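What follows is a structure written as structure tokens; I'll ask about it next.
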Amino acid sequence: MPAQAVTTAKLPGMKPILKIEDLVVEYRTREFGQRVTVAVNRLSLEVFPGEVFGFLGPNGAGKTTTVNVLLGFVPVTRGAAYIFNVNVRDPIARQRIGYLPELTYYYKFLTAEELLRFYARIFRIPRAEIGPRIDEVLKLVGLDTARKRPIKTYSKGMQQRIGLAQALINEPDLLILDEPTSGLDPIGRMNVREMIQRLKSKGKTVFFSSHELGEVETVCDRVAILHQGELKATGRVSDLVEKYKCNLEQAFLKVIGYEPGHE
Amino acid sequence: MGNSRQLFANHFFTKADVYFHSGYYPSVFDQAIGGAPHITAAKDAAAETDAEHGREQSEEAGFLGPPRDWIDRFSRNFYPSRHSHLDRPGEAREILPWLRIAADLDPHKVETYTVAAYWLREHLNRVDEAEQLLREGWRANPDSYEILFELGRVFDENRHDSQRARNVWELALGKWRQRSARNGEPDDFVLEQILTRLAQLEEREGHWEKALSYLEKLEAVSPKPEAIQQQINDLKKKVVSAPPANRSGAQQTGKP
Amino acid sequence: MNNALSVASIVIKELYRRKDFYVLFVLTAIITLLMGSLHFFNDDRIVRYLKEICLLLIWISALAIAVGTSARQIPAERENRTIFPLLAKPITRGQLIAGKFLGCWLACGLALIVFYFFFGVISVSREHQWAAASFFQALWLHWWMLGVVVAMTLLGSVVFAAPSSNGTICLLIILSILLLGRHLNKVAVQLAEPMSGVVSAVYFAVPHLELFDVRDLVVHNWDPINWLICVGATLYAAAYAIFFLFATWLVFRRQLVLRWQPGCSPGTRVGRAAALSPIACWAS
């Protein structure tokens, strides 16, 4: 089924910061017969500078696979993906992005400061700038007072915040957040939402995958809905709501063809 | 546990030999391929002649053989590949820990005591320790004529106590006879040494008849009976040419 | 190089913040001092047995540190998912492998310096002389041997999924080479074809780690090795380390970072075989 383009946010003359073209990702098992499973099927989408883009879908829809392609973790079967016009296969494509994985653990034997210094060095941030940059992001995520503590002593919420801090250490132009509120308590979720709003106000582009429709509705400019590896809809949240004459959650269920009582 | 203790004791005893050769020692693979050149344990150095030792050295020097390939040639730079002995003063002390451990692990391995005692008294001038170790070995192995023989050497060569030396050697002779009668396989090598020492001691003490008696017994077991016969003849001549007073002394028995 | 050094610095930090090194060092020190306190036949100048025991413990500890540290590097990155934020940065897999290798190898070097310093103190206190050249050669060759061990174990860590199985297999291979490597050519001579050819091939193919074991020379106060030979051994170790690192990179660059998570993929028909494979599957 072709994707239902509600509206595009494409502005005349504006180049996409993230572009996926006819992406197909397949993987094969090592069983006899090598069965092939299609994780993402002919996905095309664009994200423009300054947008907060929600990438929606139920579990197993192919969201994380797509994110993994963008980060170079997974090779594409067909098609291509570009960040800042650079193919994602090239490590330099990741120079200007920040990535917050879902439920990630960091090197437990390091302190927050050491962890950020390590990542800053990989981004080749000049030595003189590393210190002030670390101070800034730690203040931003509210971990300034815990900067000298080993990460193993952090709570789950603090770990998610140090995740955000590492994603911001290089002052990225594009932030890729994979289920950023997963496993957080309501206060933690609110903090993450605030953070995304703050980044948006600074002109950053945020691409985030989620199945938490409430927060998507709150923070996203545009969304794409993925189901069984295929793009089902893309457009502004308001347009989607208007088209289906219901709230985002119900629109989402309609798009993926879910009917209550029928799995 | 008993068997493993013996295995470890044997290993450490060999280790002492490895140390005696400063690490230059054939592995089981070298022994399998090269006709197993036997490196005698340190104990045998006590009995071997210079000529014998020379022969042993030349055998040992060749256990590696010519290098078989470039890896073999290159690797010989990284481990002891020249024959060597601990022959600088006091160096022999380095073999002692392994002998001590071997003795502790297997108190019934007689060779450990005799070898250690030999090095202690002969090369390290530690006569007290040698005697103490031999007594310890004797307690663990009361039937060992080898330990008694070595103990006799301590008394004779280091303590210069002929009486006690004679006593333990005669006791050793008795033990030898008992064991030979029991086993049916006489250990002529040690018997030869006991008889030689006793004969020398009696001759030195002037008990010529007694010395002659030991020499005659020695002639029967020696691999070189002609040499012993020569010694007997020499001693007989000495007895004949000696003044009568001394000759009468020769009639005395050497019994304690 | 900057990225590799950054990764290496993390590995080194990990080593000195974990207890493994301290436990091994304390054990080595205690056992050596305990053995040193023994007096054999009232002679306190006996030293070679103590040098041998101390060096044996150092070798065991160094192998445990090298294999233990290297075997868990990449599997632990996967298991703790720290590899995601790391590879999301502008770092190549080659740089990651190089960094892990450098980190493990330098960490082993630091540990060796501490161990050999202790060994030096023990031998000087007993012998009242210091064979500096032999001592340095022993440390140097040992460190290069660990370079080969670390590279080999890193290769194992991208081939075998579990660090424990990788560690065990690598240790078995390393110990076999150390104990039998030198003798394989003699064994080959005694075998009939085709086994003789196979053993000969193994003899020429395996890295001869036993070359770097100069403990006997140090213990028995032999003269130092010719320095040119020492350089040759260093090049030999470097060649094997580079070969293993290249192989690691070849395997790792084609591997997916992720593992398949049951029940998450669309139309999942993937069986247990794939779930166990580090290569075939990823989470969706």
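Per-chain residue numbering starts at 1, and chain names A, B and C are given in the order in which the chains are listed.
In this text, a contact is a pair of C-beta atoms (placed from the backbone, for glycine too) under 8 Å apart; a residue touches a chain by one contact, two chains touch by 3 or more.
In this text the structure is predicted, and so the values were computed from the model without any measurement.
S.K.: Strictly by the touch rule at the top, which chains does subunit B share as contacts with subunit C?
M.R.: For subunit B paired with subunit C, there are no chains in contact with each.
S.K.: Suppose every chain is reduced to the average of its Cα atoms; which one is closest to the average of all protein Cα atoms?
M.R.: Centroid comparison flags C as closest.
S.K.: Look at all chain centres (mean of CA atoms) and spot the one farthest from the centre of subunit B.
M.R.: The most distant chain relative to subunit B turns out to be A.
S.K.: With chain centres defined as C-alpha means, what is the inter-centre distance between subunit B and subunit C in Å?
M.R.: Comparing mean C-alpha positions, subunit C is 46 Å from subunit B.
S.K.: What's the distance between the Cα centroids of subunit A and subunit C, rounded to whole Å?
M.R.: Those two chain centres are 39 Å apart.
S.K.: So the centre of each chain is just the mean of its C-alpha atoms; given that, what is the distance between subunit A and subunit B in Å?
M.R.: Computed from C-alpha means, the inter-chain centre distance equals 84 Å.
S.K.: What residues in subunit C touch two or more of the other chains?
M.R.: There are none in subunit C.
S.K.: Within the complex, which stretch of subunit C touches subunit A?
M.R.: Listed in rising order, the residues are 2-3, 6, 9-10, 13-14, 17-18, 80-82, 84-92, 256-258, 260, 263-271, 273-274, 277, 279-284.
S.K.: Can you list the subunit B residues touching subunit C in their complex?
M.R.: 19, 22-23, 27, 29-30, 32-33, 68-69, 71-72, 74-75, 77-80, 84, 90, 93-94, 96-98, 100, 116, 120, 124, 126, 129, 133
S.K.: Enumerate the contact residues on subunit C facing subunit B in the complex.
M.R.: Touching subunit B: residues 38, 40-43, 45-49, 141, 182-183, 185-187, 189-190, 203-204, 208, 210-214, 216-217, 219-222, 225-226, 229, 232-233 of subunit C.
S.K.: Within the complex, which stretch of subunit A touches subunit C?
M.R.: 27-31, 35, 37-39, 59-65, 68, 71-75, 91-92, 94-95, 97, 99-101, 103-110, 114, 118-119, 121-124, 163, 166-167, 176, 228-229
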